[in-house]
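Below: one structure, written as structure tokens.
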Amino acid sequence: MSRERIQDLRAQVDEINMQLLDLLNQRARVVSEIGKLTQQLGTSFYDAQREAEMLTALEMANKGPFSNETIKALFREVFRASMALEEQQAKAKIRVQRSSPDQRTVIRMPDGTELGNGKFQVISGPCAVETFEQMDETAAALASRGVKFMRGMAYKPRTSPYDFQGLGEPGLQIARQVANKYGLYVVSEIMDASQIPMMSDYVDVLWVGARNMQNSFLLKALGRVNKPIILKRGLAATLEEFMYAAEYIVSSGNPNVMLIERGIRTFEKATRNTLDIGGVAVLKLESHLPVIVDISHSAGRRDIAIPLARVARASGADGLMVEVHPNPPVAMSDAKQQLYIDQFHALMDSIEDMEKTFA
Amino acid sequence: MSRERIQDLRAQVDEINMQLLDLLNQRARVVSEIGKLTQQLGTSFYDAQREAEMLTALEMANKGPFSNETIKALFREVFRASMALEEQQAKAKIRVQRSSPDQRTVIRMPDGTELGNGKFQVISGPCAVETFEQMDETAAALASRGVKFMRGMAYKPRTSPYDFQGLGEPGLQIARQVANKYGLYVVSEIMDASQIPMMSDYVDVLWVGARNMQNSFLLKALGRVNKPIILKRGLAATLEEFMYAAEYIVSSGNPNVMLIERGIRTFEKATRNTLDIGGVAVLKLESHLPVIVDISHSAGRRDIAIPLARVARASGADGLMVEVHPNPPVAMSDAKQQLYIDQFHALMDSIEDMEKTFA
Amino acid sequence: MSRERIQDLRAQVDEINMQLLDLLNQRARVVSEIGKLTQQLGTSFYDAQREAEMLTALEMANKGPFSNETIKALFREVFRASMALEEQQAKAKIRVQRSSPDQRTVIRMPDGTELGNGKFQVISGPCAVETFEQMDETAAALASRGVKFMRGMAYKPRTSPYDFQGLGEPGLQIARQVANKYGLYVVSEIMDASQIPMMSDYVDVLWVGARNMQNSFLLKALGRVNKPIILKRGLAATLEEFMYAAEYIVSSGNPNVMLIERGIRTFEKATRNTLDIGGVAVLKLESHLPVIVDISHSAGRRDIAIPLARVARASGADGLMVEVHPNPPVAMSDAKQQLYIDQFHALMDSIEDMEKTFA
Amino acid sequence: MSRERIQDLRAQVDEINMQLLDLLNQRARVVSEIGKLTQQLGTSFYDAQREAEMLTALEMANKGPFSNETIKALFREVFRASMALEEQQAKAKIRVQRSSPDQRTVIRMPDGTELGNGKFQVISGPCAVETFEQMDETAAALASRGVKFMRGMAYKPRTSPYDFQGLGEPGLQIARQVANKYGLYVVSEIMDASQIPMMSDYVDVLWVGARNMQNSFLLKALGRVNKPIILKRGLAATLEEFMYAAEYIVSSGNPNVMLIERGIRTFEKATRNTLDIGGVAVLKLESHLPVIVDISHSAGRRDIAIPLARVARASGADGLMVEVHPNPPVAMSDAKQQLYIDQFHALMDSIEDMEKTFA
């Protein structure tokens, strides 16, 4: 008896669902037309005043059983869905998002080296340029393993103004000279838009540090530069904020952006930061940009570098970044995390072992 | 021209809104009746299978412009709203939530002392019971300032099994003896449901520690106890989880629950935890339970105890908890955060100064 | 001139260093003897009063140039080092710490299956036992891939008391019956020490959930059980706290403990938690216990399960845990993260591909 | 018997302590002289190579019982203390640290208004300048309550490049015009060093946003500006990093810096961020700079603005910042957290009530 009644009632619900569906789509079509017209008039899609008025009208008309709060919440969802529809039609969706599973941005260097084409790349070198000898010894090791991208950091953003701030332009000269000797590309951090012309003389790939990830002034300026950009995730940036930061560069004209995950700040102090490897998987799913895993800053210690390199390789990332120094204990920064050169070779061996099996 | 067209289209949207409103409420009435019938049949409100079928039907009928994903998302909101409506009608909403601005739970002790009635209360004492002399000296100070609730902790949940785990039942005996001498109530941590009978002989208020906040087995057992419970927020519990943990106790039969905010675990290490004072304001807004601010575990240092006591007083909380010890440097736990007795008096002076102005 | 003077001064520093070295070791020997004597007297190593007196004496004798604060800080380091030395000599160091690079705990099951012996193991099954059919279909899939450990969860610790709390003992009966049919081991969560006798009838491996990681009462009780224990990391537990929680079990008598990393709570919400893969590497370095990676709760979404499974395999962990359900959208909990059965097969294929290359 | 032996041994320890004390201070004097000489030679205090050699020598000479690791750790502390001593003598210690309990930086404005002198100040206004009318209505309310500092934000750093980025210079013109009409000071965010000359024409106090807290390029440039700076804490910056960021400005020549705590990013989502009120107490203890509490961005919701304003007042902070807008629901940013003007008046009433009692 009551089971039959339930069947009847459910049929009524099904009927109402279909009417709701029709009305929602009908509404979407009308709102979409409004969107096109307002756009022609140069006004924004989003009209908070209008939404407030609609909500007030609904509230006054509502007789329940849904409460006014529920009705307003449901309609806010409808408004949001409609607005999403308009934005989607009016402009391309966010450019750094993947539109099909096989879409990928491949960074091509002058000699044909590619990053993001499925081959795993290594970016390496010391935390900072200190001397010619230090760079030369490191570069020789990199070149002997086929690494093409060398850290040549001459401007170091540091917590304290009394810490070593980098060698500046003389450091870039050293990096360039050594890179030329070994056929490497110089990757170097830029700290301000005003440095772009000078740095362009020495540097092949411009690096935006974690502290500048949301420096939109700098990001827009880098959108007008004709060099690849590595964008480092801020230490407490969400993946959504990270992708929007890349969007600042790409929407300003420069499509050659790589994302580098470098660990996020959490309560755990056994590692310097917490490598967000799940975030790497999400980025590879949602964006077509190459993703690099920084196993040095995320760990802050060299004794887990090899397992983390293997993790990076297995995660689907396009490459890894690892710091290496001829004599880490005397390094002027990040002494605890830079690899010795023999550790670097052991790490490369370990990745190459994995490569064979993935080939 | 196009402005007029926009006006027309907006009028259409208004009309559709009203039709949607009618349909939604009509749907709610039907679903509500289904809910009553299924309840009589003894089945659950929530029928995932049925929802899945409805979503599939909508997906098949959908011709856009809304995408299937959007339609499913919107209907899931409608389903959720309908279910919320049924639950609300069938049972009281979550009991610890405030239903009116002036609803408040007041904890009444045998001698008429109240907690949660608008008067600011202080809970104090050492981190752990160590000796009779230590408790006696502390209790004398508390009593001299009109404090009624004394920490008498005899079971200490510690990170390491090799750390001091508390004196156990002999500690409770000391606490009871001292409390009786000075007319105080004993507040003491319970670690397992099996301790309830024994502890009930000594303790006036049972304390659930941060590590046990989501020990639902213990919470349900405390719901059947006829003593007030202090529930401490877990170190990474959201406010929602905190309120649901209290709900376990209240829905099991014991309405006399106090919430204690003790700082959450964050990246910042200048303080032991981060006192979530905004969370205190939110709890006072959303729940009728008394809220206490633990200024000892949140700070982990005694040099900011007085400003934090003033903050607690100003936040609208019902009281504060502060640790005090006759000789903090030799305390067996939490040596850095317990106040010296003269600091305790200074803190009480400071709060009393504020009290005068709020009276 | 001044370079020579610097050389002289540096030689003086070298001389002082050696005198300091002698004195420090001489001090360590005396303190060590005190330690042995106080231990015979049954008193604690740590005497805060004595330390306070020594610091006061040093402060009074100090004539600079070091400030009193610096002197006290340096001596506190000396005190701490001396105490560490005593503790190390008096008792074995923390048992779960690795004492040599090749020390490992291997969990042996009755049929000879081992966990922790270098072979990568998979633990799988639905979030919770719901019906016989659900378990039967899942178990068949597990058995077909050689998986030996099946989730058979019948007690679910949930945020809300109104959420599904598990089937209880009837759920355990289903799990046991299905496990026997397919030759699997039942892994099931225990919520309170009082459940041990009953659960021991049905369950092969007892699981301690994240909310109970620091329930020392339960941990000690599990130390007296003759079954392997899986200990899940608390959602905001440090690695140090995690290892100490395992120490509670091991020091109470049960050496068969596995650690499971399940993601930590951070600000990032794209994943349900943040998988701490660096933490896995640290645990493998510092402990001899097997370490499992939970790729379901850490991600909270099934679309990145395969890359995370590969990451787990590459990290050096001893196994992974993944939830699988015949019909995830209708699951009574964790609907978004459980794999479909065909996804489970794809994940197993992916791991087996890696296995070949690591063999 | 063994108690007497313990007494003897303790006397030996006391003797060794005094010898260690002498040696440490003797060492400090020699190292200090080396420091002066190396400074004359223009080389750095810190010589990692030299430290490495000393540690190696100690390791080779060490015969225990202290392990090599312990010896190296202890000497690293000694090295660090010596270096701290040298740095302290060579240059002033970190300038933003308080050197005596009553040291305070007071910001003086042209009309004699002071911030940091013990009187509690309010900084208020809308999130962003939108129209003249909006600013005019807000400014009238501020002026009627004696508020002197008005938000006049014309450059908005936003997560998405497609969000409202501020009106730019026309917005500054509006802010200046309105401020002049009501006798207010304009506080406005600067995003890049290149904006300094232009903004100086309109703005009285330059504001550095959370995303730029560690933009050392900008901070150094602001150190050469003759206007007060408000420095906002980064959303995951430690207090130490925050103070060092201020040090960049102060050490570059501008002493007039205010610190603004705006909530840190944590797992809790009931509030937009977690107001670190304990951090405010620590900053007031450790620095002489004025500290402001931002109750809008920390909460992200206006319904707890009044308790948080009272908390800010009680914390010992020098002022608070609160957003107010004539019509929050239509605001172009931060719609949920800006106060209505009548709420602003209620908030001012509440603070004034507290003021009376603190006077």
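Think of it as A, B, C and D in the order they're written, each chain with its own count starting at 1.
Just so it is clear, a contact is a pair of C-beta atoms (placed from the backbone, for glycine too) under 8 Å apart; a residue touches a chain by one contact, two chains touch by 3 or more.
Keep in mind that what you see is a predicted model, and the values were worked out from it rather than measured.
*Asks:* Which pair, B-C or A-C, has more C-beta contacts?
*Replies:* A-C
*Asks:* Suppose chain centres are the mean of their C-alpha atoms. Which chain sits farthest from subunit B?
*Replies:* A
*Asks:* Can you compute the centre-to-centre distance for subunit B and subunit C, using the mean CA position of each chain? Integer Å is fine.
*Replies:* 28
*Asks:* Report the inter-chain centroid distance for subunit A and subunit B in whole angstrom, where each centroid is the mean of the CA atoms.
*Replies:* For subunit A versus subunit B, the centre distance works out to 37 Å.
*Asks:* Using mean CA coordinates as chain centres, what's the gap between subunit A and subunit C in Å?
*Replies:* Each chain's C-alpha centroid was found; their separation is 31 Å.
*Asks:* Which residue numbers or ranges of subunit D touch two or more of the other chains?
*Replies:* In subunit D, residues 236, 240, 265-267, 269 touch at least two other chains, as defined above.
*Asks:* For the complex, give me every residue of subunit A touching subunit D.
*Replies:* Those residues of subunit A that touch subunit D are 48-49, 51-52, 91, 94, 157-162, 165, 191-194, 211-212, 214-218, 220, 234-236, 240-241, 244, 247-248, 251-252, 265, 329-332, 335.
*Asks:* Looking at the complex, which residues from subunit A come into contact with subunit C?
*Replies:* Going through subunit A, the ones touching subunit C are 236, 238-240, 263-264, 266-271, 274-282, 284-285, 298-299, 303-304, 307-308, 310-311, 313-316, 353-354, 356-358.
*Asks:* Spell out the residues on subunit C that touch subunit D in their complex, using ranges where they run on.
*Replies:* Against subunit D, the touching part of subunit C is residues 2-3, 5-6, 9-10, 12-14, 16-21, 23-34, 37-38, 40-41, 50, 54, 57-58, 61-66, 70-71, 73-75, 77-78, 81, 84-85, 236, 265-267, 269.
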